[in-house]
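Below, each structure is written out as structure tokens.
Below, chain A partners chain B and then partners chain C, in two separate complexes.
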Partner chain A sequence: MINGQYTDSPIYVAGAGIICAIGNNVGECITSFEHGAAGMGAMTYLNSVHKELPVAEVKYNNEELAAMANMPVNASRTALLSCIAAREALADAGIENIRGLRSGFISANTVGGMDKSEQFFETFTANRDAGRLRNVNNHECGSITEMVAEQLNLRDQVTTISTACSSSANAIFYAARLIRHGLLDVAVAGGTDALTKFTLNGFNTLMILDKEYCRPFDDTRAGLNLGEGAGYVVLVSEKVAASLQHIYCRFSGYNNSNDAYHQTASSPDGTGSYLAMQGALKKAKLQPADIDYINLHGTGTQNNDNAEGTAITRLFAPHVPRVSSTKSFTGHTLGASGGIEAVFSALSVKHGYVYPNLRFETPMKELQLMPETSFVKNVPLQHVLSNSFGFGGNCTSLIFSKA
Partner chain B sequence: MTEQKYITAWCSVFNNKVAKNGMQLFDGKTVSIDEFVVGVYKYLQVQYPKFYKMDNLSKLGWLATEVLLKDNIEKGSYAPEQIAVVLANANASLDSDLRYLASVKDGASPALFVYTLPNIVIGEICIRNGFKGENTFYIAAHFDAAMMYRQVSETMGHKAEVCVCGWVDVFGEDYKAVLFLVETHKEGIPFSETNLKKLFESN
Partner chain C sequence: MKIYIHSATAISPQHSFDNVLEDLVTYNTNRLQVIEPPYKDLLDAKLIRRMSRIIRMGTAAAIKCLRDAQVEEPGAIITGTAYGCLEDTGTFLTKMVEQHEDLLPPTPFIQSTHNTVSAQIALTLHCHAYNNTFVHNGFSFESALQDAVLLIKEQEADNILVGSADELTDISYHILTRLDLYKKQESSNIELFGTNTKGTIGGEGTAFFLLSSTPCEDKIVLEGMETFYVSEKGALTPERISDFLSAHKLSVQDVDLVIDGRNGDVIHDSLYRSLQETIFSSVPIASYKHLCGDYPTASSFALWLAYSIIKAGKVPSSLLVKQPLVKRILVCNTYLNKYCSLMLVAKE
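Coming up: the complex of A and B.
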């Protein structure tokens, strides 16, 4: 329970950091958008038998990532990715007196140190006396957050949220609530996930992985491509924001709703997504017509895009804003996706970016939704909505607004 | 001081029999768990076709909750957010995990895969009854009345006015469910570690 004094004072985004298949930092990701260069390709780093499945990998091995993160080479890839993006976000925010402020690290992930556990498991199943135990020490999701918090010297509030694909969106709004309740001044919030056999096999079992590059919101879509990466925003209180040279935007609205329909699927009418978007609008005191761009959850599965599209049409028609799914570039990075897409959304508000939805050709039969297909700059965007919907019906929408 | 809570109903599904508040309601007399759970479902005379899609852990927990709540909680008497669920067992979802693993050889089954988590049974119970309160699933070697008492008290210390709690365990042909309905503002057996233990062991 949070017992601090709640205030409705504005929360600002002061910093951003990303590593994913389309870039090692925010600048590289934007360049990839400009060039229409998607991050998926043949499997290179993940050791899986399912080579037929395209994945959106970060194009470095663990040795290289460890050097970039300045962390031990045997650390979980989940932690390495997290550290790189979170450090970029902190540096970007450039908060000079951070030691004098209450700072937190609210980081989401869904796989924890599973990549290392898989290494252990292989050796261990062959010989019960073999396998390095240090490879399972950080199996648990929270362990990844703790390791990175230590690296970044963020100590006042460190916690992990794991709610499938909406994990890091939930981490971001939980961080905002901690600030609004007067418990933190600064929070690095977002999430991380590395590709593992565990997730690949799980999604493969559900038969929702496309053997081609994913086609979000297209009538011919046949599933998602898994990706990996990490994305963080630095959220600050109004007081801290006033002392900074630059901020991206205001974090104005958020909501989490659950349609309690199925273990993995959204309800066909998108009840959960509808309630999440509606709730976020209410929190931000906005009308549907105020939203200028929606960064879709847009995984490319039949079920998600249908449910999300239905919910958007219900809530916004006849004035549906610009929409696109950046997962057509990054793949679905699961626990990191809400963080990565929050960064893209904050950049949209700041610089007027609208991202293309690659490989979109044919609108879905049931819905006349036409995602954006080219990268545009300097579009006047007052309010951007970012959707992240997870298994278990866990639906989250975030709204970023001009400061 | 926390308010005194009461066990207002309890139910057991064990050894081919279903009992509520110590009274036997149904004797399956069948041998396999698969037949038994369907027998109990038919006995209850409810229409919920999704029941047949569930794994045995969910079927068991779902059936036990149906029996527990019948005539005890009227629809609408509590807000959905006020009803919590705290369950525990020894075998997590191992029963479904192994069935799923066996299916992998001939193409992994998505229908089995979605039950390879122990807390799915809580989801099925909440979907059926529209519960939206806190819920947690614990895994422990034995029914730990002290832990259950502590966790339910903690959960009910916040928003929850009602808690469905107890044990739901399935592994192969072995199964046992003992559920308790705990409420704040109704008389019953005082909710305590001793009474949880006593009722659990009486089954």
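Coming up: the complex of A and C.
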């Protein structure tokens, strides 16, 4: 049917790239963790009336990003961010003979070129024959992926996934499967999302945006802060990994389960989250006690943190591993969050990093969960689990393990 | 491992939901809209009211597909959509501009998310299984189909519900007209392939399939699928098509019917004219976009059509081609001459 023979062969993380509010590359992000420097602040680049809402912006305008990405200045900010992080990941992997290998780009985003579409609508709404067409030409999510795949010359498997806030975790998951089927040797996988008025206003109507800096897993939490960015890992087959100077870790487990409870809310007992974590453990052939650290989805909303915390307690108690939410630094980057947090998790396995959950003071009344509050290096971490849960009940968990 | 198609359902500008294709629905406009079936036997009345059109038709097609296959809970739900839920996206964008980001309603935002169709199917079925949505332009459906096949090959899941949904809205039709996708003059869909002018007609629709490694009564098999993205590598050539067939140990003589992706645009269709003169010179060819219009996931309608023809054992008159016995069909589709896909369906 489709060529290729599936084997459960090991998949390795060989490269990583990030751009987000706490850094323009992986190194800068780690420095921000060390200094406890969060990326949220007053809105500077996004042109919305809701200035009262803190956002975690990438600290460059589109002209600067276009120069960094080596792309046209009128490209969607989502594509610019994607290109910068994906290129960093590829360079980091340092695969010498990549042209002789089958290489793909599996990327995720939630609103495509919406930043440009909303500019178009400013004129179009009043006059349907007005508005620059080039601003809607790349509205589709897939166009963002195509632009970047072309820049990076990745052609063998190129596709786009959009499952709300779990999008890029599913992209990484899918990329690993393409390698296991023998359809790819190398995959750049992750996701991207720029801040847009559309998403900011959308989340605002749901009344889940905190006017203060977000406090994931704290009893006083009052919502999330939106962020932007892109995060990619380079996944390689066992054969390619053997030819490389350095690898980060093994990508050992993954699962996608659906909460099937409500379009936007999580079930009170976190059924989907529980099934995703349990399924990822099964795929990695691990027991709950094997997990040393969880990079939480941890958005800071009442509902998510309750559901996720309940699911973690059900699955892991009495031996709950270290947990923390890096969204307390980066904000919630939506379609990019799974990719960004996969990079953080891979670095945790490689270097023993445990990231602080900023602004955590009071444990949630219902749960005995105490997130980590300081940055620690060289912790022996065998297995790190990363959670990404989204609207539509889409729950995905990934596990990264020592190579 | 063989992939069997246990059932297929389509909601389209034709009476496809009831499998009636003998009576061609004619349109004298460049915008073909789906004929929505009565939903009351498939969806709860409250849901029908609450859901937007694309969500309603996608979910209903999925539920009907499961019923036809007599499957209660699928092993995975996968949807492809190029544009996602455009009506709600347009509503929210418009209100955001008109009301200066003030007092906006949450529902259009909630329902605008690209994964809403897959999510609502899961919610309706209380299905916790694997749930994914591909949003890759003219390959959205093909990507979803590939994921489904890979899951079956991994033996991770079986009885996979895979499909597509795309809607054409007032706004998107207007913008795509400005982008020169459609014909300048209003035309009739019956005469689409004789127009000799630039542009096509717009369409929309949803189609769902239940795939399994277990044989079904009809023994209809999805034998192969391949995509070609046209960049510098060039278009869909006779060589690529014969390579695809020989990879499945077949030649063009083994194909009883080709369903091609002609869309009535004189430039777009030159590819098909040259294929007809070369590799397909001895095979009957049916085109299908006069039935559903052109849209990024129209290939799912073509696959539904191929399945339906093989199941019925005859070609409906609306396809304007005669071929009494059809056991194997090659679907050869292109969207905007950029996204080419080949799909092979046969009776075992």
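Here is the rule we use: the second predicted complex is superposed on the first by the 398 of 403 C-alpha atoms of A that agree within 3 Å, B and C clash if a C-alpha of one lies under 4 Å from a C-alpha of the other, contacts with A are read in each partner's own complex, and residues count from 1 in each chain.
To be clear about the criterion, contacts are C-beta pairs under 8 Å (C-beta built on N, C-alpha and C of every residue); 3 or more make two chains touch, one makes a residue touch a chain.
Only a predicted model underlies this, so the values are computations on that prediction, with no experimental measurement involved.
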{"item": "Chain C versus chain B on the shared chain A, clash or fit after superposition", "value": "clash"}
{"item": "First, second, both or neither for A:Cys141, with chain B first and chain C second", "value": "second"}
{"item": "Which partner, chain B or chain C, touches more chain A residues", "value": "C"}
{"item": "Which of chain B and chain C A:Met68 touches, first, second, both or neither", "value": "neither"}
{"item": "Partner chain in contact with A:Lys197 - chain B first, chain C second, else both or neither", "value": "second"}
{"item": "Chain B versus chain C as contact partner of A:Glu118, first or second or both or neither", "value": "second"}
{"item": "First (chain B), second (chain C), both or neither touched by A:Ser257", "value": "second"}
{"item": "Which of chain B and chain C A:Ala403 touches, first, second, both or neither", "value": "neither"}
{"item": "Partner chain in contact with A:Val379 - chain B first, chain C second, else both or neither", "value": "neither"}
{"item": "Where chain C runs into chain B (options 41-49, 185-193, 257-265 or 329-337)", "value": "41-49"}
{"item": "Those residues of chain A which chain B touches in one complex and chain C touches in the other", "value": "1, 201-202, 204-206, 258, 260-264, 392"}
{"item": "Complex contact set, residues of chain B against chain A", "value": "108-110, 113-115, 117, 120, 123, 126-127, 132, 158"}
{"item": "Touching residues (chain side chain A, partner chain C) in the complex", "value": "1-3, 6, 48-50, 110, 112, 117-118, 121-122, 124-125, 128-129, 133, 136-137, 139-143, 145-146, 150, 155, 158-164, 170, 174, 177-178, 180-181, 197-198, 201-206, 256-264, 271-272, 275, 390-394"}
{"item": "Chain C - residues contacting chain A, complex", "value": "1-3, 77, 82-84, 89, 92-94, 96-98, 100-102, 104-106, 109-116, 118-120, 122-123, 125-137, 139-140, 143, 146-147, 149-150, 153-154, 174-175, 178-179, 222-226, 229, 231, 247"}
{"item": "Residue ranges of chain A touching chain B (in the complex, touch as defined)", "value": "1, 201-202, 204-207, 258, 260-264, 392"}
